[in-house]
Amino acid sequence: MKTTIGFIGLGNLGTPIAKNLIAAGYHLQVYNRTLSKIDELDQTSITKCGSPAEAAKSVNFIITVLANDAVLRQTVVGDEGILKTLPLNAIHISMSTIAPDTAEELADLHKQAGNSYLASPVFGRPDAAAAKMLWTCISGEAEVKEAAKPILECTSREVIDFGEKVGSANVVKISGNFMIQASMEMMAEAYTMAEKFGVDRGIVAEFFGNTLFNAPIFKSYGKAIAEKKYEPVGFTTELGYKDASLVLKLSQQSKTPMPFANIIHNRLLVTIAKGRTGADWAEAFGKGVTDDAGV
Amino acid sequence: MKTTIGFIGLGNLGTPIAKNLIAAGYHLQVYNRTLSKIDELDQTSITKCGSPAEAAKSVNFIITVLANDAVLRQTVVGDEGILKTLPLNAIHISMSTIAPDTAEELADLHKQAGNSYLASPVFGRPDAAAAKMLWTCISGEAEVKEAAKPILECTSREVIDFGEKVGSANVVKISGNFMIQASMEMMAEAYTMAEKFGVDRGIVAEFFGNTLFNAPIFKSYGKAIAEKKYEPVGFTTELGYKDASLVLKLSQQSKTPMPFANIIHNRLLVTIAKGRTGADWAEAFGKGVTDDAGV
Amino acid sequence: MKTTIGFIGLGNLGTPIAKNLIAAGYHLQVYNRTLSKIDELDQTSITKCGSPAEAAKSVNFIITVLANDAVLRQTVVGDEGILKTLPLNAIHISMSTIAPDTAEELADLHKQAGNSYLASPVFGRPDAAAAKMLWTCISGEAEVKEAAKPILECTSREVIDFGEKVGSANVVKISGNFMIQASMEMMAEAYTMAEKFGVDRGIVAEFFGNTLFNAPIFKSYGKAIAEKKYEPVGFTTELGYKDASLVLKLSQQSKTPMPFANIIHNRLLVTIAKGRTGADWAEAFGKGVTDDAGV
Amino acid sequence: MKTTIGFIGLGNLGTPIAKNLIAAGYHLQVYNRTLSKIDELDQTSITKCGSPAEAAKSVNFIITVLANDAVLRQTVVGDEGILKTLPLNAIHISMSTIAPDTAEELADLHKQAGNSYLASPVFGRPDAAAAKMLWTCISGEAEVKEAAKPILECTSREVIDFGEKVGSANVVKISGNFMIQASMEMMAEAYTMAEKFGVDRGIVAEFFGNTLFNAPIFKSYGKAIAEKKYEPVGFTTELGYKDASLVLKLSQQSKTPMPFANIIHNRLLVTIAKGRTGADWAEAFGKGVTDDAGV
């Protein structure tokens, strides 16, 4: 007999994660704001729910993969939020990229309700999720992490533990997105400068991606930026901007001046201010720099 | 019978390169401003020279590994410069990190003298040079590159060709150093912010170095920055600042606004202005950020 | 018979404003968190109150001069807030430097309560307030502005109308503080660079303050920055940082990239991160730049 | 009988200065690259010259008002440069905005030739020059300054002495242009942000120009930026960029990190990279910010 898990959030990342869990033999109680997205899943393995509260009913685990702090908070504490129904001792596995203080606030609310919150944001694009190749960062109480691990492993290449403090995994996740964005900006600047000296952007990007910078970030985004090919859209500028705003918030909260974070924030803001919403975040950096350089 | 090559510049990088050439069977006519450095080499394989001109006499190839544009220019065109003696059709293999316009100026002078200049800056720290693991970027005339390759391969992991335009390899080299410096700044910002949230810098650095950023730059400098361990010094802040100034110059020449390059330049300038010359460039970034953040 | 006005907030600015109103013949119902500050006022012209609600009882006008958005919001909507008692048709004259959306939120709440909110932030340091030389920026409904003007004129050099939209005066106030901070940063950079070339900072500051930049900001702060004399403290780094954070917030809300605002924000954040709270904001800029320049 | 002065450089600023000198009773030996410009002057008061050397022949004073360091250097040391003919003990009054080390280099050359160099850059736009309202900054030897003063006073509102060190007046001039550019950037950011909140740019600019920032810079450029009216062109973006590059050079030479200078430099560089040469420098700032903000 299959174990049932609650699941909320069928976005670009949530959908392949849900499929992985189904493939691993779980039955899902699924809620998604846009109902049609639920039709993509194997219907024999899911139960459609009309609210977060319904998805959280009678389960030991509920997973959320949502867009931002506000949506997640509403999903937890709203009138039909999961706190209304989540059983005692159940665990909320929260995969969204949110601020650490939101994580801590929600963890407190879960504690008061007699259940638990696990910060478990993930690194990886949708295709990595589909291939069960996400890196999942977790932080929270030891026994909660222990209990959630088998579920997380169904969709992760590796589960990395960042300790007991509940917001820590979120700090790591936001740091990582900052580093990805900084990598795109640096490549955009370097490759555009090279281009203006008559050096082929593509050859430069390939060289660095195969040598000093032979890491996934520099290979995939490096190619996009070098070739100025920003489609298909993998991750939108707006989501990137949300992350950049979170970095600024963390810079302020922690009193850490982060000049690169300011450049990144403004680069994305220019793209949004110009109305190019929906563009891939790599375009915000790549085209932002080439526009400024007049090429 | 051994082939003789001229060799000028026994710095941190020049010395292991010279040793590799000796190991490969070449005899070297060596000039170095500081004579004592020459004693480190196998004396049976070298001839000590009293000037660049002497080192360039009767050879088909002369290699220079020098600190900056001014020193290289003086070595080529000075009263005892290599142009005074370098034979017709000989090749000057120039490994220094210099501006592309300096490379083009020197290439013209060599052409007028009836011989050739090959831009061949290298990526790698001294230990990589000792292990014959440098990445050597070359640009110049096809037959010159062809002729120089066997020599370059004695000391390189790979020789990458960036075309006929003589300054191109220099543009790539400067771009790369910019990207390395940007990587250090981004790690310093991210790891310091994480630290101030109570997350262990070392664990964060290890995580990124093993996953999204599993490239040499992020592993080696990531560890130094995470652990705030900036010794032994591998590459000084002053040399890093020279590179950062070259990036700004290229940004201006090519009309490419490069905001990250400005942050980097100022980070190094603060360290120099405070009199901390001689420190490793990773310290300029790492300690620069932690100082600003009060930790 | 004297008219009675409610008055909340006896800080550096609130105290001289209260004194001006007393001098103009008003009787004040005063509330201040720190009671001892009330003793500075002429006791025959005031009534001490134990809460904002008490200060707002039976008056046609209540003035607030508070530190930030959170304190003001609490003063309005708290359990003992002014909304509990402020009569119908009364006007809340709000002089604090706060975000425009806070102003709009409070204006809505007042409207629902049957009374009115007038944004009226002021420019000027405490000595300007004492000399009735403040510039008061107002925005709100026409009849509310009309009604409040005689009171505002008791303490202002000029009352400037920025229209009906309630947050506009706050936008202007925050813009002005941004421009003051930018002026300090620019002077700190210029005068330090001049100093390092052996040019006397004081003479340079005096020259600019008497010629191209002969405006109050450049004279007063220019002298402080040139002489590196940052005492007595007129406006703390923390208050400056609050303003810088408001600017960033407005930059984000309005989708206006403001690179100068980022530099300013980080300059103040460095000072705070290093624990130099309580310093004058001119020191954050002046000493921030000289520290970075090693002088 | 009229005293004769050499005069080189009839640009936007040189022409009104020449006219002032003629009005004051001097006879000018004029050289200008573009001959037609000489026709604008009263022909009875001038002698047309075919080279700098000719203009410098037999005079006690020669004035140069040129575009940049390279042109000035060529004018002094070129084959037909003024050093070829300038009499012993004559004085070269150099009004161009150039780097202090260029000034010092030229001062040395003049000294070797037995005559003198006086740094005397000026502040003021062409209309100020026409009205004899320039601020002239001087530095050099006391007796040289003394001798030149009567001539400078014919075209200045005030002559300000910055000491004996020959480059000091140039440092002050470059600092001032930096502060003017920073003022334009800050206004552009503030007024655009205000606009996006629905506040009238013009009213905001007028308010600040009449109150806290009631200095010429904020009134004139403030109006242009507020009204987005960048014509007629008073000072081109390219000249502004030359100044911004000089500031960066001075920042490097003096080891003074100047983050505002970087922002300014890039703002102008974007405009130039996009091919909008010939635009007023106020447009580079004003339109640069509104473009980025999408308005």
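A few comments on the model shown:
The letters A, B, C and D name the chains in turn, as written, and every chain counts its residues from 1.
Simple rule for what comes next: contacts are C-beta pairs under 8 Å (C-beta built on N, C-alpha and C of every residue); 3 or more make two chains touch, one makes a residue touch a chain.
Computed from a predicted model, the values in this text were never measured in an experiment.
Where touching is counted per the definition, the chains common to chain A and chain C are B, D. At the interface between chain A and chain B, over half of the residue numbers involved are used by both copies, so each side presents largely the same positions. Taking each chain's centre as the mean of its C-alpha atoms, the one that lies farthest from the centre of chain B is C. Here the CA centre of chain A is 38 Å from the CA centre of chain B.
If you average the CA atoms of chain A and of chain D, the two centres end up 53 Å from each other.
Under the contact definition stated at the top, the residues of chain B that touch 2 or more other chains are 251, 255-259, 266, 270, 273, 292-294. Interface residues of chain B facing chain A in the complex, by the touch rule stated above, are 100, 123, 135, 137, 158, 160, 162-163, 165, 167-168, 171-172, 175-176, 178-180, 182-183, 185-187, 189-194, 196-200, 203-204, 207-208, 211-218, 247, 250-251, 253-261, 263, 289, 292-294. Residues 266, 270, 273-275, 292-295 of chain D touch chain A in their complex.
In the complex of the two chains, the chain C residues touching chain A come out as 245, 248, 251-252, 255-259, 262, 265-266, 269-270, 272-273.
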